[in-house]
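We just call them A, B, C, D, E and F in the order they show up, numbering each chain from 1.
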Amino acid sequence: MMNNKNIKIGVIIPNIGMTLEEMEIRRRHLLRVCHPNTSVFLVKNEFGPKSIESQVEHEQASVEIVKQAVLLEREGFDVLIPWCGGDPGVIACREAVKIPVVGPLQSSCVIASTLGYRFGVITPLFKNIKLVEQRIWNLKFHHFLAKVRSVDIPVLELRKDLFILLETLTKLIKIMIKEDGADVIVMTCMGFFGLPEELMKRVPIPIIDPGWAAIKMAETYAHMKLAHSKYTYAFPEK
Amino acid sequence: MMNNKNIKIGVIIPNIGMTLEEMEIRRRHLLRVCHPNTSVFLVKNEFGPKSIESQVEHEQASVEIVKQAVLLEREGFDVLIPWCGGDPGVIACREAVKIPVVGPLQSSCVIASTLGYRFGVITPLFKNIKLVEQRIWNLKFHHFLAKVRSVDIPVLELRKDLFILLETLTKLIKIMIKEDGADVIVMTCMGFFGLPEELMKRVPIPIIDPGWAAIKMAETYAHMKLAHSKYTYAFPEK
Amino acid sequence: MMNNKNIKIGVIIPNIGMTLEEMEIRRRHLLRVCHPNTSVFLVKNEFGPKSIESQVEHEQASVEIVKQAVLLEREGFDVLIPWCGGDPGVIACREAVKIPVVGPLQSSCVIASTLGYRFGVITPLFKNIKLVEQRIWNLKFHHFLAKVRSVDIPVLELRKDLFILLETLTKLIKIMIKEDGADVIVMTCMGFFGLPEELMKRVPIPIIDPGWAAIKMAETYAHMKLAHSKYTYAFPEK
Amino acid sequence: MMNNKNIKIGVIIPNIGMTLEEMEIRRRHLLRVCHPNTSVFLVKNEFGPKSIESQVEHEQASVEIVKQAVLLEREGFDVLIPWCGGDPGVIACREAVKIPVVGPLQSSCVIASTLGYRFGVITPLFKNIKLVEQRIWNLKFHHFLAKVRSVDIPVLELRKDLFILLETLTKLIKIMIKEDGADVIVMTCMGFFGLPEELMKRVPIPIIDPGWAAIKMAETYAHMKLAHSKYTYAFPEK
Amino acid sequence: MMNNKNIKIGVIIPNIGMTLEEMEIRRRHLLRVCHPNTSVFLVKNEFGPKSIESQVEHEQASVEIVKQAVLLEREGFDVLIPWCGGDPGVIACREAVKIPVVGPLQSSCVIASTLGYRFGVITPLFKNIKLVEQRIWNLKFHHFLAKVRSVDIPVLELRKDLFILLETLTKLIKIMIKEDGADVIVMTCMGFFGLPEELMKRVPIPIIDPGWAAIKMAETYAHMKLAHSKYTYAFPEK
Amino acid sequence: MMNNKNIKIGVIIPNIGMTLEEMEIRRRHLLRVCHPNTSVFLVKNEFGPKSIESQVEHEQASVEIVKQAVLLEREGFDVLIPWCGGDPGVIACREAVKIPVVGPLQSSCVIASTLGYRFGVITPLFKNIKLVEQRIWNLKFHHFLAKVRSVDIPVLELRKDLFILLETLTKLIKIMIKEDGADVIVMTCMGFFGLPEELMKRVPIPIIDPGWAAIKMAETYAHMKLAHSKYTYAFPEK
């Protein structure tokens, strides 16, 4: 009767500059919400952009993520998570492999949609706001969207001073509650991982950790034996 | 680093006719996908309808579910799940208590929305099709809806012959794939619990078990420390 | 050729605290816009909340409204109106009885939708704004919605000083015209009855009296011999 | 306290071929659902199309309807109704005069939207189906639309054999219930006046008489003292 | 292989006050973006309004435009463009003739929709903002709409001082970029012709010239041999 | 006054298998609708998929298209067109270069949206139907969509027997008119180029040639001096 299922989750890191130490910090963060029999492996791509802040980089990353996904499926992974808050490679991977592939942005949106009426979205750069709006639209969660706002900090500088980042986010979220009517917050960058837990002590609304959203969705798929239908996500030609 | 969190999930049974044995079968089914430190308790309401097949019964059930929810919160439960595929009492409970309250229908829809482009919905009775369509609309998942269909069997007779039910569902789902373009199936009645696992061996698309969807969402909320914002779901007057 | 039809309209009061005198004031207000052969009876529920300011109270009221509706149908009423601007019991009653059941909020929205391009909505409490937005969505009138705003006064204190309330509403409506682009106003609380007539002398846009909207819709149903189809609102099991 | 208001409703006939006898039959039909103090006058335009079955004729009729509306307002009418199921001249008249102007199609749609979940629409000619769909969209009632179907009979021949027309409509509505899921019927031609009463004896769903819908909406506006805001429908230049 | 097609485009001027000189200025402006084998003829209606600033004038103009269109088709024109930013007569003409009929507003919207995520719309008069919003809705481009704003200058005075107009528009567009998030601008009045070219030197986003949008769409239809289907835009009765 | 502008359009071929002869046939086809001063150059990518029939191949192609676009911009091209009916690389190129980048699918949809009420879409493979539906959604043209259908022939075999293909398409389009209510046809594969001209002799509705739609949109952008705003499509990091 008990759930002793061993699950092997592969987290694909598309940003080639991430250090092993940084990867270990993320792995530990993810394990904090997992089933004890869940193993989490972070695998970094060899090629790709340093950070993903445009559609150009998104698609560059996507191509490499798909290659990685095919390898990881062969190695017996049960679920895959591309580690990026814009969901690069998610649709393509669902075609290329049979195991389920989690979109961190998609997972964050679906959880957020159950917690309130309108979620606000925070993205690192101001220049990406319209791109993010379009992604929420593509996911068909636009009816839940209050507004997309940014802290206007490049992805690679986000975590340079976590204290200042927390202050900035706290102020921003208070504005989003008051002016945009946001009652839940979604963060479209994995660089914000770990902060929602802290932020929820400072503001009165739920905030989705994109890493945790992804890992819990991965476990949900695996424990429920769900995968993306090949009827929908047909195999590519070759 | 490991997740040793003990979680106590309360499942509220609004159908007063359910036997202790039936409840135990459902509890065991739920535990099959849980974290080992998750405890699941099923609690039956004293008053309410035998089954919930109308808005009238939905609201009768709701009032009793809210009362039960307030008691269970006091007893230290971490998350609550009203056991009905129409989500009775879910909004009201989110007002009445501080702990998160899971909607099995809502949970099924959000998971389904990530697995394909259009989900079909199966409800027991033909006469409820329009009511169910309206509920999908209210949840703002109408853009994902292929079509609602029914097996036209009353809730209390659903599980009388599981073999026939499986046959009926298999045929119906094949029609939904072909004629409605459904690529995922959502089942709006808890009476279908356990069958998706079996059905997925017979049809090539993912099918959401409403019980498992609810229990995994419950764990997701609890492990991520999320609850419905009181800003959104304000306490009732008294 | 003339319309001599005698119509008996039952107005169900779910708020148990309303006095007989208050009920008579409302009855006289309603009669001011009726056909001379229309009789209006106000009937107060024995159980239920003092006021309805949450989904919890909404559903508590609903259960009692349905019981009352069944009794009134047996007594030969032609149309029923639950007296609440959130339309509690409206869907359930349409299942439970054969005679038409009017939603005051729904009636206000449909009339408002014909008078301009975007209506603003006023609700008593700030904390209910999101709940009201959701209700407009559920009714599928969201495309007509400018914005929901509140006077932030509890329902039971609304009419304590009608002079101040008129001042407050006048100011609020002027803001709604200018900032929200509202060109019609809907009021989601029966406690505002009688005020629209006065307000229309002060602001240049139409304002819907929820009581009058309901009673005119009741007459419309009755004179046109319309009722909610049992095909759509199927009888509950018992 | 009683409603003794005398209301003078002007019905503008844009079809220049209608005889005085035909007009009197329509007037008597309308009076059957009116308040005893309501007077109904039918006024025929001097110029315009014989029937309105295209956007070309719609706009030709509209120009004449506006001229008539300006004259009738000067003569002290309280409300105006252009007698056509496509609502020609309705928006223009709301600009040109201060008194309320009723759209029979709009009135039918709003009433239908309160009686079920999806209304089917019947229009005389097959070639007009897409035009009618567009009009339902323009009115923002597309979310309620099941499907538009036609009897494919020209407007001027519709009432030549009412017996056959009733048979044809009965069959069509049964198809609309079964195949389109329609639970209410809207008729976009005044030529169908009087038939819904008969049809409702033959099919189990409500059917809106466009003439009655318009006249009851006219009374609703007048008794509630509502008119279209000049803020929204600004006067034309001259 | 080369495209030597001679195309004759008829531009119908509904504003009876336009001088021959003004018409020639417009013709030259249009030719600046045409194929060398494209001929452009401007034809002024004999009757109609001086300017089109209301639905009343819109429909008055429409009736005359249709008459003109029928004549021009007989004279061998290949495409027609009613010269008004509100698209009067466009739908009616598509019924009345077989050759394609261009809507300047529709053409502007479709081009704008390909250049960014949300276009702002500028209309001459404040009082027309809601009417213009409704037209964008009717065209089904509402999802692309940032906001409609006006310079609040009557059409006939728009071009009295082009220098001031350019200043006013520059300021307005900067506000629309900043406050409304507009990334493209559509102008719903032909009176703005020629200004977008100038404005694009002052603001960093694309601005659609409604005249050029129409004439390029006209060439597109003609060169691609496309016309509006008579299946959709059926001939009027006579 | 005349338009003597020389325009240099670069058509990027992502399918590495296309022969020079096939490219020349396409170039000649495009020139048939161009301005005489428009030059069209077809440039084939060195790397990439043989055909694009999945999201995987779409993104592989996209990365190569962007590289090519950057080179072509440096060489002085005025507008670019990726030659694929799924619009790969279109959004990314709009970030990477300053000159306008045309989406053939987007161009086809916007032209189609002006010619009727609902367009049908034809795609080569059955397995791609849902992917194409999602793309129409992403472009926000879903309100115009009748239905997506396929001839179920792989892209590389489409033109093997043009006679049979024409027969197949003719039959399919007749079904789409009758069953789906399509009044315009969009073809989401460049492999269908040239056929619409032929098909329009056989069926009574307009059909968009995706190549011509793209080239006319390219000329429209260039002649109107329009480009995608860098405000919207921000440059990528490097």
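Keep in mind that, in the parts below, a residue touches a chain if its C-beta (ideal position, glycine included) is under 8 Å from a C-beta of that chain, and two chains touch if they have at least 3 such contacts.
Here the structure is a predicted model, which means the values were calculated and not measured.
Repeating the D-E interface with over half of its contact pairs identical by residue number, the matching pair from A-B, A-C or B-C is B-C.
Set against one another, E-F and C-E show the most C-beta pairs in contact at E-F. Inter-chain centre distance (chain A to chain E, centres taken as mean C-alpha positions): 45 Å.
Averaged C-alpha coordinates give centres for chain A and chain F that are 32 Å from one another. Chain E has residues 116-117, 130, 134, 140, 183, 232 in contact with two or more other chains.
If each chain is drawn as a node and touching chains are joined, the picture fits none of the line, ring, star or complete shapes. Pairs of chains that satisfy the touch definition comprise A-B, A-C, A-E, A-F, B-C, B-D, B-F, C-D, C-E, D-E, D-F, E-F. By the touch criterion stated above, chain F contacts chain E in their complex at residues 1-4, 28, 31-36, 100, 103, 106-107, 110-111, 113-117, 140, 143-144, 177, 183-184, 197, 200, 204-206, 208-209, 212-213, 216-217, 219-220, 223-232. If you check the complex, the residues on chain F that touch chain D are 116-118, 181, 183.
Interface of chain A with chain E (complex): residues 129-130, 133-134.
Within the complex, the chain B residues that touch chain C are 49-51, 53-60, 62-63, 66, 89, 91-92, 95-96, 127-128, 130, 134, 137-138, 140, 232-237.
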